[in-house]
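Two complexes follow with chain A in common, the first pairing it with chain B and the second with chain C.
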Partner chain A sequence: MKVFIDPPNSMILFDLVERFGHEPLSSMALIQEKVDNIEVDMPPMNVTLDDVVKGLKYAGVEVPSGIRGRLAIWGPMIEAADAAIIIDNPPFSFGCVGCDRSNELTKYLIKRRKIPTLTVQYPNDEEEAKTMVGQIRDFLGGLKQ
Partner chain B sequence: MTIRIAQLSCGTEYSGVQYEIESAARSVGAKIVYPDVSYDQVKNALERFGFTPKSPQLQLMIARAVSIADGLYDADAVFITTCFRCAEAALVRNELRRFIQENTRLPVVTYSFTERLKASQLLTRMEALVTIVSRKELLARERQTGITAGLDSGSSTTKCVIMENNKIIGKAWTASGDVVQCATEVLEEAMKMAGIEFKQIEAIGTTGYGRFTLGTHFNAKLVQEELTVNSKGAVWLADRQRGEATIIDIGGMDNKAITVRDGVPDNFTMGGICAGASGRFLEMTARRLKVPIDQLGAYAVKGNWVNAKMNSYCSVFGIQDLVTTLGAGKSFEDVAAAACHSVAEQVYEQQLQEVDVRHPIIEVGGTSLNAGLVKAIGEVLGEPPIVPPDSQYIGAVGGALLSSGCL
Partner chain C sequence: MSEARVTRLLMISPDSMVTPDQLVRNVQTMAPGINVKETCYGCLAESDARTMEVVIAKVREQYRNEVFSKVRGFPVGDPRRCRAQHGTRPGFAQLEAEWATLPLIQSALDAIDAGDTDYDTPVEKKPLPVRELKQISEAFR
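After this line comes the complex of A and B, so read on.
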């Protein structure tokens, strides 16, 4: 199944989803595709005006451009997802260095899809980390292929 | 020497505007750089700064600013930019600007962008940052020497000033049309007034929107953006070359708020998104009232803006307000006062919130000839601004003054 991860560029979540037999939907691949694209219009990430305009599907014109640009990438993945895993309160070094408004909207869009979703708290110590991995494993194991 | 402009930003990559920012910097011989910070530095910087925004990229922005302020990262100027309409970013942007100014002597410019940002919109700002860094000696010049001319090719008017040994000996202006033709016309008129011939002019300085075209045509010794040139012209005309001041320059197409220290800008904002906050709106008002633009101020001084509602941020809707107000039987005087008040209020709300106003306030540019607008600026700011003589010639005076430094 396709599992959207939040933060969308979390390497740990990506690895866990793949390890337990599902397809992670993350921003890494999309960003890489944009960065590697031969016709790079807008380096470093090649987010173009067209992309930001596409973001209007998720947020109106009065919403700042950076949020629409992010949602132009994350939004279609949320739409394509069969399930989602959200890590709440991740620290600065974990996942997306981004915009809190975008993060709020992402969580809301996941909720609106009504797909199976697991929300776990970011662990503060090793024990909590083990518990978190266990929760994710059980959630992914319970998803029907 | 490549000028290093440190970028402190949020949202530029995802808005697709990073390339435009870097292009603008490159085109003026500068390079955009990003202070490297570690995770620990982010945590410490937030504690030191005392503001913890929820958005991690804004946290990174703060850490980068602290790194510059502490001298851990070497930069020549600072460009602070965030998404237009983001409230959290607007708070951080302004506080960081203040923080950088309190802790360094680096010139700073702030900007809020949309996805439609183009390099050309940033060109003047980037050029000003580069000028402040690379032409410190020239900008420190306080006296004009020899015979020099300044040409200011603005959006509404083209101005020329000829100076000799620190005195204005010739001046002329005309409505802008063909850039070269208008400049030639005002130059000839100013030469006639000064009683000199072209060959006697030792140097020419050009500024304004048509500066590059005029610079090439007249083989100018100085071709420089209007932010630094106008600042020099303003402090020279107001005789405030030393110490601090705030310059408010409301032009035909855009307006500028510049803070200066010893005549050199260290922070500036430039508005141009809405015509409602520019001289163009006053022109439209005068046309609708069927009064000559140079008489609009006299009407406004006699009127009371409170009696006529005109608080639209857009010139189109502003004129709609004006039509409605006139239809309701309000006097021309009240409507003219309301138009002036509307422009002053917008400059206050849009520009002056992004700079720390220093005293005295010097109002310049063509609109400073409008007594109604000067009165309105004084009311909005709580103190009357200084309007120096020849205040509409700041760019031309600055051009003549600075170009004498190239002799």
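After this line comes the complex of A and C, so read on.
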């Protein structure tokens, strides 16, 4: 099953989802398409006109273009996802630090899709890490049924 | 995702005894036609999709909970990212944050592999009923 990860560039989530037998939907693969095909230097910070138009589906016209640029990449992934995993309360440098509104909108879009979603707390010690990994394993194991 | 090129970032957990040099030499021998670049945190590997599947399976088998990986959008040594050519590294803060957390994830995976399933289950959040909200509000009147 396709599992959307939030933050979409997280290596820990990408690795865990793949390790437990599912396909992670991350921003890296979509960025690769932009880098390879249209030679954009810094996606999602550099956007094309098409991205801005695509982003309008997820964020209003008054929303800053950075948010629309991000959601133009993340929005179609959320639509394609069968499930989602969200990390809550991460440190400042973890995930998309550029704009918290993008993160809020991403969580809202996931909630609106009503797909199976797991929210885990960012671990600060070994017990919390075990809880996080265990919950992800159980959640992904349950998706197979 | 493109089938012609898959670039993978392999990161060694700080608690592991494996060095980037050992990892690079090993990954290089795992499949023919793979391009590997050593980095401070592990290595970058690049090949076609099918070869990469084989390599990642072998890496997981050999370094089960010590090496973590994700797909990378930019190719290995891309001038827009490669620091040898003064490329920018906008994703480095994220990598650094995850690198610092990897020992916790490694120990958690080790514990779960060893059969330790003593952890909290997710708490399901429910909306607060209006009656309870009213009681709380009235308690502090």
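For the reader, a short list of remarks on this structure follows.
As a convention for this text, the second predicted complex is superposed on the first by the 133 of 145 C-alpha atoms of A that agree within 3 Å, B and C clash if a C-alpha of one lies under 4 Å from a C-alpha of the other, contacts with A are read in each partner's own complex, and residues count from 1 in each chain.
In this text, a contact is a pair of C-beta atoms (placed from the backbone, for glycine too) under 8 Å apart; a residue touches a chain by one contact, two chains touch by 3 or more.
A quick note: this is a predicted structure, and the numbers were derived from the prediction, not measured.
Of the two partner chains placed by superposition, A:Gly75 touches none, neither chain B nor chain C. In the superposition on chain A, contact of A:Val52 is made with chain B only, not with chain C.
By the touch criterion defined above, A:Arg101 lies against chain B but remains apart from chain C after alignment on the C-alpha atoms of chain A. Put simply, more of the residues of chain A are touched by C, taking chain B and chain C as the two choices. Contacts of A:Ile12 after superposition: chain C is touched, whereas chain B is not reached. When both complexes are overlaid on chain A, the residue A:Ser93 reaches chain B and chain C alike. Of the residues of chain A, those at positions 41-43, 45, 93, 97 touch chain B in one of the two structures and chain C in the other.
Every residue of chain A that touches chain C in the complex is listed here, in rising order: 7, 9-12, 14-16, 18-19, 26-36, 41-43, 45, 90-91, 93-95, 97, 118-120, 122-123, 125-135, 137-139. Touching chain A in their complex are the following residues of chain C: 1-2, 5, 7, 9, 11, 56, 60, 68-75, 78, 80, 88, 90-91, 93-98, 101-102, 104-105, 107-109, 111-112, 116-122. Chain B meets chain A in the complex at residues 10-20, 22, 39, 42-43, 53-60, 82-86, 88-89, 113-116. Contact residues on chain A toward chain B in their complex (touch as defined above): 41-49, 51-53, 62-70, 73, 92-93, 96-101.
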